[in-house]
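Should a chain be cited, it is by its letter among A, B, C and D, assigned in written order, with residues numbered from 1 in that chain.
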Amino acid sequence: MTRENLVNILLAVALLAAPLAANALGQAFYVTLATRIAILALAALGLNLALGLGGLVSFGHAAFFGIGGYAAGILAAHGFSGEPILFGLPGTVQMPVIWLVAVFTAAVVALLIGAISLRTSGVYFIMITLAFAQMVYYFAVSWPAYGGEDGLSVLVRNQFPGLNTMVPLNFFLICYVILLVAIALFALIRASRFGAALQAARQNEIRVATIGIGPFRIRLTAFVLSATITALAGALYADLNRFVSPSMLSWHMSGELIVLVILGGVGRLFGPVAGAALYVAFEFALGSLTEYWQFVLGLILLGTVLFVRGGLLGLFAGKARHG
Amino acid sequence: MTFALALEQLLNGLQLGVMLFLMAAGLTLIFGVMGLINLAHGSLYMVGAFACAAVAAWTGSFWLGLAASLACAAAAGAVVELVVIRRLYDRDHLDQVLATFALILIFSEGTRWLFGSFPLYLDIPPLLQGAVQLPGGGEYPIYRLAIIAIGALVAVGLYVLIGRTRLGMRIRAGESDREMIGALGVDIRTLYTVVFALGSALAGLSGALVGATQSVQVGMGEPILILCFVVIVIGGIGSIKGALLGALLVGICDTMGRFLLPQLIALLLPPAQAGMVGGAVSSMLIYVVMALVLAVKPRGLFPPAHV
Amino acid sequence: MDKVMAEPVLQINELVKNFGALRATDGVTLDLRPGEIHALIGPNGAGKSTLIHQICGTLRQDSGTIRLAGVDIGALSTADRARRGLGRTFQVSSLVSEFSALRNVMLAVQAKQATSFGFFRPVMRDVSLIEPAMAILERLGLAHRARLPAAELSHGERRQLEIAITLALQPKAFLLDEPMAGMGLEGSKALTLFLDGLRQEAPILLVEHDMDAVFTLADRVSVLVYGRIIATGTAGEIRRDPAVRTAYLGDRA
Amino acid sequence: MQMHKMLAAATMALSLGTSGLAHADPLKIGMITTLSGGGAGLGVDTRDGFMLAIKNSGNKDITVVTEDDAQKPELAVQIADKMIQSDQVDVLTGIVWSNLLMAVVPGAVAQGKLYVSTNAAPAALAGANCNKLYFNAAYQNDNLHEAMGEYATKGYKKMFILAPNYPAGKDSLTGFKRYYKGEVAAEVYTKVGQTDYAAEIAQMRASGADGIFVFLPGGMGIAFMKQFAQSGVKIPVMGPGFSFSQDVLPAIGDAALGAKASGQWAPDFDNAASKKFVSDFQAEYKRLPSIYALQAYDAAQLVVSAAAKTSVKNTDAFRAELLRADITSPRGNFKFNTNQHPIQDIYLTEVVRKDGVLTNKTVEKIFTDHGDAYAKDCKL
């Protein structure tokens, strides 16, 4: 077993064991905290697919995170009130249906955004994805139907067949399982023909085109896949907070997702998990220590970029292995 | 709509564009020469505004404050370049995004730590108070005309600096070939520090100028930073000329959009709703413009040949 | 050479490309017939790279046509031209540097199979990719270096890997851009021998500075100077051509 | 046996004794407010006003844990979860912004916690969705706008009204129009966080309006007022009180002079409670209190008053005590409506310079015992 696999297994076990222990000790809050880590890790995992494997530095993934969140919020609001959304289509409070809608909506939007953005590259790509996310953000802020800036409350957490989702541990387990499935999917894609083409396109676009693989279609597919995973995380996040607002769409959120990926290790399978765990832990620990916690957070992030190249997994599991 | 109002709005758009240009010029210069994407540019804008407000409050002179804003922002920029940015030139854009994102947090909270949580007071100098008559009957604040003039001066100054001076020659050399310039015997490290400080000083200057008409507060640089990204992306990253035209385009589109869209929509909807829908559409307008420009010209209107 | 008059595989007609006032490609007409090696030579700055860029689709010509197996490919993307059978190597090795030599070739095999939208089957356990790729590496004598990242190969090995990747595409026409560059004497000789046999698989448009290799291998030679073809003929004809001697070979003869 | 009984009696006596002392049962308050970023000033005033009342009460059994929400709704939710599930607080308070409040309150009350709002008062929680456990000690968001509408009806025929394009902005203009009977020249919604108002000011000049009502909180208001003063446009400006509150006045400077606003309180109120509040606040923090400080001060007074009479563990009794609003508020009349939002007087104030400091001067009373438009939909 490689050192990285060992670290990965440790991370997976720790993320499961901590909330189980907290739950046994009656500390429900730490279950919530672990759920938050799992969901943010899932969102960052989505970004890692585009950013880590494809080299597509999307500074607009908050758009997909928020779209997932709003899919959950809007469906739940209608499911709760019984009013149809459009053309007699009903809302729902069933998580699996919500997830499908979130994923599908994000895929459509990502297809549009990606088709335009992927015509550019480098800094232009960073900026144009940012701009598209801002467009969605301002739309959400000024669109009155679903609360605008005030956001939308999900009064009762949505349901999952056979489980009481209001029990924190149950909801954590749902998120944890989805995270593990997504990680497995990420591993499969990374090792697949598609993954090979995507990673090759990141390293040498001309080479890939010269052997007859169009980088655009590969990247667009990766971008859409990436968006759907982040959107799924968004839907779960709305259920965790029982609330969705435009701040899920803000450029700070996009920045945070990038931070999670880099903190954990770009392109690493468990990078997002490590990154999310560390970030949430910092936010939690520093927030109660000092009013100026963001200053300290800034210093830590800066230190990580400058001195810990390869992120946490780079630090503990050594350099990334390439087959 | 009268002629006077249209003229005034056009001037407003021009003035917003000039303001954006002052910020965007530094950003695009830094990218053009060093290939660095600097999210913390808005923080230097904030430094300029706070320096100006603090010194103006202390000495009673806006002009001393303005000088301080240039000096402080340039100094802050130079320090940041020496301590942090220097290590990022050979990194990819991803690391640059993260590091400068971290710098935003540090600058914002550092400023709040120094100056407290409440907005500072900064007013325009007595010399520039008041308004002038416009042809057609409108009035226009002298201060805003002065900003347009300063922007024009800076644009000309940059043109001369880059086109006619020794430093400018080195900057151009740095833009076209980063390895080459070292071979020419130019001390590239000093050049980079100087360029970064120059870009920062421009940000600080615009921070001070804008600070007099807005709220000098922590986080003031962020909304304008994003607008500036839109500007330089439309203009072509690295191109000063592109930044100027992009800034004017964004300034005029944004102002005229805010002004005209609600009126257009009012033809279709009742006034209260038209206001809301118009507000929503106009707040997205410049991003739509940007997407359209990039869909047609993926590297902006004036892409520098080498990037 | 029975089929000298056969339909050319690659046919370039009246190609023109301007950069501002500079005419980099000036009405180039060139063809590549089945089974032949057609060498393209010319001094530095003659416009060879610009021409190759246009053939491969990384630059778009201002006018003129490019046909591959009778089909006009002049408006297609680089990837589409490759899929239609244009196999190109680079003057400066262009590889997927983090991938092993094997994976570089496997990627080309996968491209040839048009199976890049497979999401689940791990490539490293996929014999339909590994076997053909290993076979090609063996053919070029690179099998023992198959698991090394491309970035860690020697210069000569990288040049060979370039050719291996192109072989995996089973192209209709090879476009080899200075394959001998920096190969050393031994390497050049071995490669010359290899290319000599390769022309049976598909014709080769060979851009090369190594005149020994050119005159050994080429069935025909074209000379490009200032963006124009000033002469086309057999090695002997080119050697004797007075225009070529003054413009290009003069200082060497 | 005998021993046992004696012990039981002693324990009982002891517990009676302590409950006689009234604040023996510890009360833990969780304050979530904005202490970093551009909006930190409001959070700092909220915290300081609240802590002043706690300190003045002398009640040693009340503890307050404070955390910064960085003006992010998701972070506020996380902190609320932590305070409820981990710190075991009894009462939550302190959120400045409506969108953060909407994120936190439904979850908090669902978990059986009391929430006493020090500022944000969205319409969504005042009407049909009101909650037994949710109190607002400040106002209902619409109140101050309604008051300006009432005031403007008397003196102005044609008003230009402007607010940011978000729910509080729409509520604001809706509230204004609810009481304004004159003509609305234009109703303009600006981008949230907009900093340049040249285009809107030009429209104001051209509109022929004889009065302008703006609702632009925080930095937006500062920017607007400065630019308006610089523009040379001479139309009178009015707005809700917090647009000209003590936290922003120094930054606006003389540009604010003469601006009319509505408020449930101003620092010059001539009653003992107000004078004590202002002097205590100045002594403690070396600055004038803003309206946010006042609202938080009253929120803390309410909690303190209830804690003095009953244990927070008995939620119903505690809630009943809160509802009685047995406090002496610096704003004068204060009682709770059926939807647990204030019924109070609302005044017209004007920005003046007094002893070299910009402050609000009370001009006249606009509304007496004013409630809100949503209470009728609240079934408590």
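To be clear about the criterion, a contact is a pair of C-beta atoms (placed from the backbone, for glycine too) under 8 Å apart; a residue touches a chain by one contact, two chains touch by 3 or more.
Protein names from UniProt, one per chain: A, B = Branched-chain amino acid ABC transporter permease.
Keep in mind it's a predicted model, so treat the numbers as computed, not measured.
The minimal number of chain-to-chain contact steps leading from subunit C to subunit D is 2. Hopping across touching chains, the smallest step count from subunit A to subunit D is 1. The greatest centre-to-centre distance from subunit B, using averaged C-alpha positions, is reached by C. Between subunit B and subunit D, the centres computed from C-alpha atoms are 36 Å apart. A straight line joining the Cα centres of subunit B and subunit C is 48 Å long. Centre to centre, using the average C-alpha position, subunit A and subunit B are separated by 32 Å.
Centre to centre, using the average C-alpha position, subunit A and subunit C are separated by 44 Å. In subunit B, 108-109, 112, 276, 279-280, 283 are the positions where the chain touches two or more neighbouring chains simultaneously. In subunit D, the residues that reach two or more other chains under the touch definition are 35-37, 165, 170, 189, 191-192. Here, these are the chain pairs in contact: A-B, A-C, A-D, B-D.
By the touch criterion stated above, subunit D contacts subunit B in their complex at residues 35-38, 40-41, 43-44, 165, 170, 173, 184, 186-196, 198-200, 202-203, 205-206, 218-220, 222-223, 226-227, 230-233, 247-248, 250-255.
By the touch criterion stated above, subunit B contacts subunit A in their complex at residues 31, 37, 84, 87-88, 91, 93-95, 97-99, 101-106, 108-110, 112-113, 226, 229-230, 232-233, 237, 276, 279-280, 283-284, 287-288, 290-291, 294-295, 298-300. Contact residues on subunit A toward subunit D in their complex (touch as defined above): 27-30, 32-33, 36, 138, 141-142, 144, 147-151, 153, 155, 237, 241-243, 245, 247-248, 252, 283-284, 287-288, 291-294. Subunit A meets subunit B in the complex at residues 51, 57, 59, 116-117, 119-120, 122-124, 126-128, 130-132, 134-135, 138-139, 141-144, 251, 255, 258-259, 262, 266, 292, 294-295, 297-302, 304-306, 309. Residues of subunit B touching subunit D in their complex: 1-2, 4-5, 8-9, 12-13, 15-16, 19, 108-109, 112, 117-121, 123-124, 129-131, 138-139, 141, 143-144, 210, 212-220, 223-224, 255, 258-259, 262, 271-272, 275-276, 278-280, 282-283.
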